[in-house]
Every structure is written in structure tokens, then in C-alpha cells.
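First chain A sits with chain B, and in the next complex the same chain sits with chain C.
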Partner chain A sequence: MNISKNSRAEMAGIFFILPNLITFTVFVIFPAISGFYLAFTDYSMLRTQSNFIGLENFKTIFSDFSSSSFLRSMLRTFVFTAIFVPVSFFFSLFLSVITTSETVKGKNFLRTLFYWPWILSPVIVALSWKWFLDIDAGFLNIMLEKIGMQPKRWLLEPNLAFFWVTVVNIWYVAGYFMVMFNAALTSIPQEVYDAASIDGANKWQRFWSITFPLLRPTSILVLVLSMIMAIRSFELVYVFTKGGPGNTTMFMVQKVYEVGFQDYKLGLAAAMSVVMFFVLLGLTLIQFRYMRQEE
Partner chain B sequence: MKKTFFVVLLINIVLIFSAFVVGKDITFATFIDGPDLPVFQKQVAAYEKETGKDVELLVIPYADWKMKMIMMLQGGTPPDVARETDVVYLQDYALDLNPFIKQYTGMEPMEWLDTVTVYKSWFKTYSLEAGMIPAIPYTTDVFALFYNKELFRKAGIEVPTNGVWTIDQWYDAMLKLKQSGVRYPLVWDRSPSRFSWLLYTYGGGYWDETGTKIILDSKESVEAMEFFLKIHDENLVPQAVWISGDAPLKYFQNGLSAMYLSGTWMLPTFVEQLDFEWGAIPMPVKRERYTYSGGKLIVPLTEEGIELAFYLTNKENLAEISSALFLLPDRADMTEVTYENKMVQEANVVAMNDLLNTSPAAKKRQDFDWYNLKTAPVIQGNVSAITNMVVSVLTHEKTPEEAMKNLADQIRKEAGLQ
Partner chain C sequence: MKKKHIVILINILVYIFALLYVLPIIWTIISSFRLEKDLFAYPPKLISEFTLKNYAKVIQTTDMLTYFKNSVIVTVSSTIITIIISLMAGYALAKIKFKSKNFFFTLFLSTLMIPLQVIMISIYFVLARIGWINTYWGLIIPPAATPTGVFLATQYIKSSIPTEVIESAKIDGANELKIFWRIIVPLCQPVIAALAVLSFTWRWNDYIWPLLVVSSPKYMTVQLGLALFSGEHTVQWGSLLAMTTLSMIPVMIVFLAFQKYFVEGITMGSIK
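Here is the complex of A and B:
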């Protein structure tokens, strides 16, 4: 049988992607489809039998608005995302401007310092900050006591705990996005700035009229990535506050984990994941539509 | 060069797959409490030498234990033997050991059951109701209220030696400790079952003594919760443990807390890590004297594992593991237990006394809540809801009545009582 050169090339391509395709199908596609099915059952890991219950799980989700409910955790996640995304964007851009500025000394050291949190495990980051903010033996409260101030319940007051969860998450990711901005900033040709200087533009004008627009592709990437990170927040927050005090720092993913792997109600947890999927899909479609309109 | 590369690649693939193909004869899965690992390794090695079989000791962290076990069971690849704390969820997978008891122990099944359920009366009830014997009781541990003797001496407090404190006397002791400069008189494990102790001593619980009614929102249960809230509000107990999931041991270990409500499974950790004199106080009493007894069982999940299961639970091996972990062996002919370590021995005597004097009614409620085939699953499936309920009260999001009524109604609905 004569196989043409093109067909052979095609077959070779298929064989090269086949292992990845099989792995992807077995470990991503199949579980996702199973998850969709489980969402309509009362499957509990404590029992071997499960029954099809239609939309009961979704009714349970949408009829519970208590502080420990999935809906409230979803709302909390959106509030967190609404703060996390812009603050981490501008903060990492600020760090990038500092670490690429010609007038700043010790740029390499600063770059390493700002990037350092990102290379640590989120568990280490969470534990370190937890100890730092501990009400009894935390460094911050010890310093406050030394200067005659009352120690604060940093992680026991809901608003303070939420504040610190946001701050620590931003601190953790800023270095990562800073590196992306660095790559983009250093690729902007110097001639563009020289031309603007000749035309009389000052530093701020050069930044807003040249730098910021030229950073657009990287900015979009940073915004999308930071939104995904915020919505998927789990391990750092779980180790840091366990979703407390009360449930004030419990986000969506932790709620799904709690229902699925602590209460073993996998059917209900799967239903929550389905809701999460459609919410994320909606947000992503809105974002892509916005990006296309801008183009 | 290409040829060499492919030969090396092929060898690697064969080696990797051989690790899956050339398996051990028997898998024994367990979590580790500390000094038990070397004991298990020694006993497994002795078994291998005696029988010529290969045993894989599969150690799984306790935090992942139940999930990992469920996944293995539902995936059809259970370990041959497992050391367990709970058999309720294993009901559909466990073997009936009835036909094997005489062969491996020389005793008739009922005689054997009486011998091994000296501390686990629930297991006998469970086996009779289920019509099968799904596991071998192994060791028993007991809730205990540990205390720092040095801090108590400094506060001038004497612990009861010929009786027990009432809850009010215990509260007074906490106030005295606070006045003497102790940061937190008491630290309490963040666990629904540890919290449940308070419900039981107040005369409350989740299921009643008949296992037919939910009593979480009864007057007695609410009163217990109010006490729990009070000692947190007055800063007698660190709020960070229940509200934010802070680790309780560090408070006791660092002298920030004078008392620690936990259990005898902590004894090996205390011996290893505490650098002060400590002891145990009899569990305080409100309406019913009560201490929670739990522990471990050895569960063979395949026929290949039955022999190893009985081997691990023979008198000699049982004595060895109990001694290493300072636990009570589950045998009526091994109840006389003494330990060389003076503090461990004292704590053990106090815990045994609590156990022997536990109110039968409270014990019945405990068994229906955590061990009964029909009633326990609904409580076990609401473990995080129970924790959330307690936290919602401690953060003043809900009143005790409100929080407990909500959860009680939810449990009633899931149990089909509404």
C-alpha cells in the first residue's frame, strides 16, 4: 500500500499528540462528564448506591443563602476577585516599573526580592503569615505591645481576616506578574520614548500614552490570569484561615472541597462545580467579547 | 546513538511497568500515630518470615485516610488489611469473619466477641444487628482532660483525686488560672466528637438513647453550647482554634494553656515533646458522667488479608502495639495495663476510671451518633456542618438555639424524620 508523504506526515502528527490526547481524555474530559452526571445524583462516598434525583442538588444550592452556603461563598469569591484583580495588576506593574527603571539602584536584587514569594509553596506562605499575625505570639502583635498598643485580632475579626487574605494573595502573585510586565516593558523600543521626549512629553505622559498602551497584550494576559487565580483560590486561604473566622474567608473552591471531601456528599459537590463552571464560562465569554470589541 | 537511546528507553519502560506488575502478596494500610511505625514494621517482618509472604506496609496520612480508603474501595483495589477507626462506611466492603474466628483464635465467635468488645460494646451491637463480624477490635483510646501541673501549682489549684469536678467547679478553676496569669486556662480540640463530649455530659447529643429522635436542639444540648460560648467569650479558651482552625497542641505545649481537652492518643506525643510535668483530670460532670471511648480496629478487606489481621491482633502483638502507643488493648484478658512512665500511668488510671464510670445512657447516645449502622452515617455526613454550627455560634452570627435548631432540622430531613 502506498501511503503518500502528506498522509505519513499527518499520521506522524497524530501519533505525536495521541499520548497527550489520551491522557487529557482520561483525566480531564471523562471526569468532567462524570461530574456533570454526578451533579444529578445523591451520590455519597459513605454509601455504595446512589440515585438519580434530578435537580434536587441545584434546588438545595439555590435555596440556601446562609453564611456557610455555596452562594455566599460564591459572592465572597467575586468580591475578592473584584479587589484582587485590579490591585494585583497595578501593584505588579508598579513593581515592574521600579525594577526596569534606569534610575533605581540594585534592580537585580529588587527583582529577586519581589519574585521570591512566588517560588515558595503556598502552604509555606500561608503558615508564615499565619504565624506573623498570630494573636498571641505573632511578630506583629509583639511589636504592637512593645510600642504600647493593644494586640489586634488580625485573623479573628472578619473584616481584618478578609483584608489579610487579600493582601497575602496579592503579595504572593505580584512577583509573578511583575516578571511578565518586565519582559513587555523591556521590549518597548527606546526610540519611541526618545521621540516622545523630543516632542516634550514628561514622565507621566510617556507612561500613559506610550508604555501603558503598548503593554496591552501583557495586561490582558495578566488580567485573565489573575481572575482565574482569584476564582480558583484555595490552598493558600485554606491553610491561612481555613475559611474563617466563621466562613468569612471561605471561597467557592473550599466550599466544594468541604462538601465533597469532608462530608462526602459528592453529588452535591459536583452540582456546585457545575454552577461554578457556568459562572466561569459566562465571565470568560464576557471577557473575550470585550477584548474582541476593543480590537 | 539512536539505537542506544531506544534501548535505554525500552529498559526504563520495562522497569517502570515491572513495578506495577511485580506486586506484593498482601497490602496492609495504616495511618501512623508516632511510635507505631517501627512496631508495625517489626510485626510485618516477623509475619513475612513465618509465612513466606510479602507484605507491603502502606502508610497514609490520617488527614487523607478516609478519602483514600473510599477511593481504593470504590476503585476495586482495597488494601488487604486496614487499621481503621470506623467500620460504618466499610459495611458494604468488609468480610464476615465469623467462619474464621475459631480457626485463628480457638474461641467460638460469641465468646471471642465478648472478649474483644470489653471497651467497644457498640461493636458487639453492630455485629449482631448486621449479622456479621466485619472487623477485629484492636485498641481503645479515651478522651482526657490533660493539665499542666506547674501552672496549677502556681495558681494554687488542687485537682480532684477522689471524685470529679462539676462543670461549675471546672469553670471556677479556669477563672482562678486566668487570674494567676495563664493566658488561656483551657484549649479544646477542634473536632465535632470532642465538642460532643460536652453535649453528652449535659444530657444532650445528636440522637437520643433509642436512636429514633434528634435531640441536638434540646434544652440540654443548647445549655451545653451556651457554656461553650461563654468560656470562649470570656477568653478562657483561645478562639483561634475553633474559629480559624489553629492547632491546639501548641497552646498546651508552650504553656499558653493550662488544660487541654483531647485524648489518650496524645500520650506518645506528650512523652516525646512536653518539657513540663503534666497529668490528667477526671472529666468534669454536669448531669451525666461521661467520657468518649473510640479507638482502632483491624479490618481485613480481602480473604488474603484475614490471616495477617488475626496475626496483628494476637495477644503478643497486641500487647506490643498497645504498650508503644499507651493505648488499651481490646481484650478482656488484657485489661491490667501498667506503664513505666509515671505521668502516662497516672493519666491512664484517670482515663480508665472515667471509662468505667461512664453513664450508660450517654454511651448509648454516643454509639447511635458515631457507630450505629443506621444512625451514624447521617451524623458522619454532617461533620463539617457541625463544625460550622459551632463556629457560627462562637462568632455570634447565630444564637445557640438558632444554630442548633437549624442543624437539627437539617439532620432530621436527611434522616427522613421530617
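Here is the complex of A and C:
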């Protein structure tokens, strides 16, 4: 009786999770495992047969440090991440302070405006900015010309292109993080501030000594999410600059994509994915632990 | 009196900042209603006549309508599937006591650790092997299973649906399937709304997944179409801007109608 009841529950349970289980197995777990195998082969879309070549792909990866190499794209991604994470953190905190401030009128309208970029697709964001920065017809260059300055080739000079790639990515996510900070900021009880005011703290002091420490859980989440986003970033930049000029804005994921689907070296691309996987694993583990903790 | 002036000044500054912030989007929308010759006029013009010619042109001369049709088919069907299978899994993981439950819950959550960007190479093999390249199946089914969806549904069902309701239905002789359709689904409206809004935005805006699945124009989605046009040697900016503006509309409507659920999804810490 008891046994059959248990096995009935087992069957019911598995039945209900089956659609997700099958899809995850076929399209996430199996590819993840087979990716490790592919990484040790010379599989190419240009040939029909492939060989097991041991660590050869990894040797190729770690011996190439030219500007078009995977390692350089990885280094570039880290530089981008190191700028993106702190700037997007403080910038979205700034947006959040504006949109929760008592002084500012029409806060809901402002929140919607700042959040607007995030509901658009990376492709639309990239194209809008590409148009905004267009050499001949972009708003920015038209303005420069109106005030008598030379128009600039915003996306054709390496440093400027990298700068705009960073700006646009921050612009894209800031509204999203702002909403997270808003949720945390509005949940801090007013009494906390009242007590501090009595003690004679000014607004600036109150913010850094009371509000900011209370935002800790949200801050950690924002930092982890933004780090993961930065390291995974691909589509926005791919449409925005195609990784150019030269390779100056080519990040890791784009490199893997191009090696795999444009050079057809799937084995090598799989090996690069494995390297990327371990970089991301550490970061995602932190997120995972954090989510369970908050639960 | 002096303080009042400062308040007004701060508000003016904030609103100027906010308008500059969204200027790239506004500029795109405005430009889409201008003739191409005005866009590239020299000396540059900021204001010119209003026209719908770009829109007429993009509909007549490109496969834009096909891309829109594909995006609608993919977004709607994938969203419906996401809702159903997430609620199913959520019900099992929250309310059915089976032995392997914890194992599967952890397995599902651990798929969060394997981002698409890392497995796109080997996913392509799987898609090719089962013949889903350039098919609606390939566009719709795989992205419909999302760990975030399962997680949201499990949390909601666990905390908001009393176990007693389920137990008493069981005593009345209802089986699990009946309980799911008659009790769980009707009580899950808030999480259904949140999932619908999230999934709609994800699928409509998605670029990487369709990029892996589709190479034939017949199955291209709006995002692929936009990227394709923007990558041409001589970009037809007038048409491209019209297409960009049109493709913003569906998600913006959904957002304005269901703002509340966007915020709920965010505070759960969901990543795109």
C-alpha cells in the first residue's frame, strides 16, 4: 500500500516535470557534456570526418596572443568588465536615488523613461546608437557641426569605439538595476532616517552611513549579475560595431561564434567555450548560492 | 522661498537629463518619419517634413512582414508552452512528494550555470542532428524551457496555494491531472501573468537563439531581419529605422499594460 502510493507519487512527479526535463537534457545538459568532447577533436564543418586530437586545441588557444586571438578577446572582455561593473553599479544607484527622491516630481514617469532601454532588444539598442553616432547623419555629429566643431568618427577609432561600447552597455542595463535598487530603497523604514536626522547627520552622510549599508544584499546581486552580463556580452556589440574597428571591441563570445560559424572550426570553438565555461562557472556559482540564500 | 527655487531647479535638471537619456531612442523614432534625402542633407537638417514613405518602402520592398509573422508565431507559441510546462514542473516540485524531487530541482537550477553563449557550438550539432535547423520547432521548443520559469512557478505555488486544498480534492477522488487543471492553474494567475510578460519580452527580443537556428530568410525573426539589413554594405537607413521603430512596438505595449509584473520578475533576480 505504502510502496505503491510512493511509486505513484514518483510517477506523477516525473510526469509533471517531464517536458522541462527532456528539453533541458537535450538542449542544455547534453550539449554541455558533448561540448567537452568536441573540444578535444578537430571537428570542422568543411570536412566530413574528425579526429580526436587531445589537447591540441588548447595548445592553439594558449599559444596565440595576436590581436585577433581568443586570449586577447578574453583580456578585452575583462577590461570591459572591470569598467562596466563599477560604473553601471554607481550609475544605476544614482538613477535610483533620483527616482526615489522626495524632491523630484513625476517619479513614475521618470522610472519608465530610464527603464525604457531595457525592454528593447539588444539589436534595437545597437541600431539606435549606431544611428545616433552616425558620421554624417547622427545627432551627435550634427550638433558638433552646428556649434562649429569637426564631426567625429565615433565608431571607427579604437578608443572611441570601446568607449561607446561601454557607454551603450551601461545605458542598456542601468534602468534594470535601478528598479532593483528602488525596491530595496523604498523598503527602508522612514524611522531609520528620522533617528539619524535627530543625531544631526546631513543627507550625504545619511546616505553613505545608513542607506548604502542597508542596500548590501541588492548591491551584491547587482554586482554579480552585471559581472555575468559583461562577460557574456555578445549580441549588442556584435550588431553595434561587429567587434571593430579591427578587433578592438571583439569580446570572447563573439570570438567563439566567429571561429565556430564563420571559420567553421567547431572543435577549436568548443575548446574556447570550455575555457569560457570555467570562467563563468565561478561567477554563476556565487549567484546561485546567493539566490538560495535569499529564498 | 529660496528652497522652493532649488527644488524647481533640481527638477528641471533631472528632466533635461532624463530627456537626453532617451534621446537615442527618440531620435531613431523621429528619423524614421523623415525622407532619406533629408536625413543625409548637407548642411544637416534637424527638422524636415513628416513622411510615411520609409514605412511604405520597408513593407513593399523587404520581407519585413514575413519576419514579423515569424516573430509573432514564435513568441506566442513559445510563451504558451513556457507557461504550461513551468506550472507543471512548479506543481510537482512544490506540492508532490516524490523521492527524486530534490535531485531534479537542483538539476533544473544548475542549468542556470550553463549559459547559451557557452554551449552554442554544441547546441548547433544537436539542432542539426534532429533536423531542427530552419524550422519553427527549433525556434519555439528549446527556449520555452527556462529555469527562471520553473523557479518562479515553484516559489509561487509553494507559498500561495494551501496544501489542504489539494489534499481535500484528492479525498474527493481527483487525480493529479485534474488537480493541476482545476485547482493549480486557476489559482496561479499572478505567476502566469509574470511569466507571460517575461517570456514575451525574451522571445520577441531574442537574437542569439534564432541566430543559431535560422539561416533561411523564410524563418527569420524581426531581430535577425534588423541585424541582416544593418549589416549590408550600403545601409538603407530610412527603411531600417522604420523597421526598428515598428519592432519596438509590441514589447512597449506589453510593458505599458503589465508594468507591475515586469517589476515582480526583476525583484526575483531573473537574468535575461
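In this text, the second predicted complex is superposed on the first by the 262 of 295 C-alpha atoms of A that agree within 3 Å, B and C clash if a C-alpha of one lies under 4 Å from a C-alpha of the other, contacts with A are read in each partner's own complex, and residues count from 1 in each chain.
Just so it is clear, a residue touches a chain if its C-beta (ideal position, glycine included) is under 8 Å from a C-beta of that chain, and two chains touch if they have at least 3 such contacts.
Small disclaimer: the values here were computed from a predicted structure and weren't measured.
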Mind checking chain B and chain C on superposed chain A, clash or fit? clash
First (chain B), second (chain C), both or neither: which does A:82 touch? neither
For A:183, decide between first (touching chain B), second (touching chain C), both and neither. second
Is A:256 touching anything from chain B or chain C once the two structures are fitted on A? First, second, both or neither. second
So, A:29: does it touch chain B (first), chain C (second), both, or neither? second
Thinking of the overlay built on chain A, is A:9 touched by chain B (first), by chain C (second), by both, or by neither? second
Broader residue contact with chain A after superposition on the shared chain, chain B or chain C: C
A:136 in the overlay: touching chain B, chain C, both, or neither? Say first, second, both or neither. both
Figure out whether A:244 sits in contact with chain B (first) or chain C (second), or with both, or with neither. first
Please state which segment of chain B collides with chain C in the superposed model; the candidates are 42-50, 60-68 or 330-338. 60-68
Touching both chain B and chain C, residues of chain A: 134, 136-137, 242, 261
Contact residues on chain C for chain A in the complex? 7, 10-11, 14-15, 18, 21-25, 27-28, 31, 39-40, 42-44, 46, 81, 84-86, 88-89, 91-93, 96-101, 104, 107-115, 117-126, 130, 141-142, 144-145, 147, 150, 155, 176, 180, 201, 204-208, 223, 226-227, 230-231, 237, 240-241, 244, 247-248, 251-252, 255, 259, 262-263, 266-267, 269, 271
Chain A - residues contacting chain B, complex: 44-48, 66-68, 134-137, 153, 155-156, 158, 161, 241-242, 244-247, 258-259, 261-265
What part of chain B is in contact with chain A in the complex they form? 66-67, 70, 74, 88-89, 92, 183, 238-240, 243-246, 254, 256, 377, 380-385, 388, 391-392, 395, 397, 406
Residue ranges of chain A in contact with chain C within the complex: 6, 9-10, 12-17, 19-21, 23-24, 26-32, 34-35, 38, 98, 103-105, 110, 112-117, 119-124, 126-132, 134, 136-137, 139, 141-142, 145-146, 171, 176, 179-180, 183, 221, 225, 228-229, 232, 234-235, 238-239, 242, 253, 256-257, 260-261, 266, 269-270, 273, 276-277, 280-281, 284-285, 287-288, 290-291, 294-295
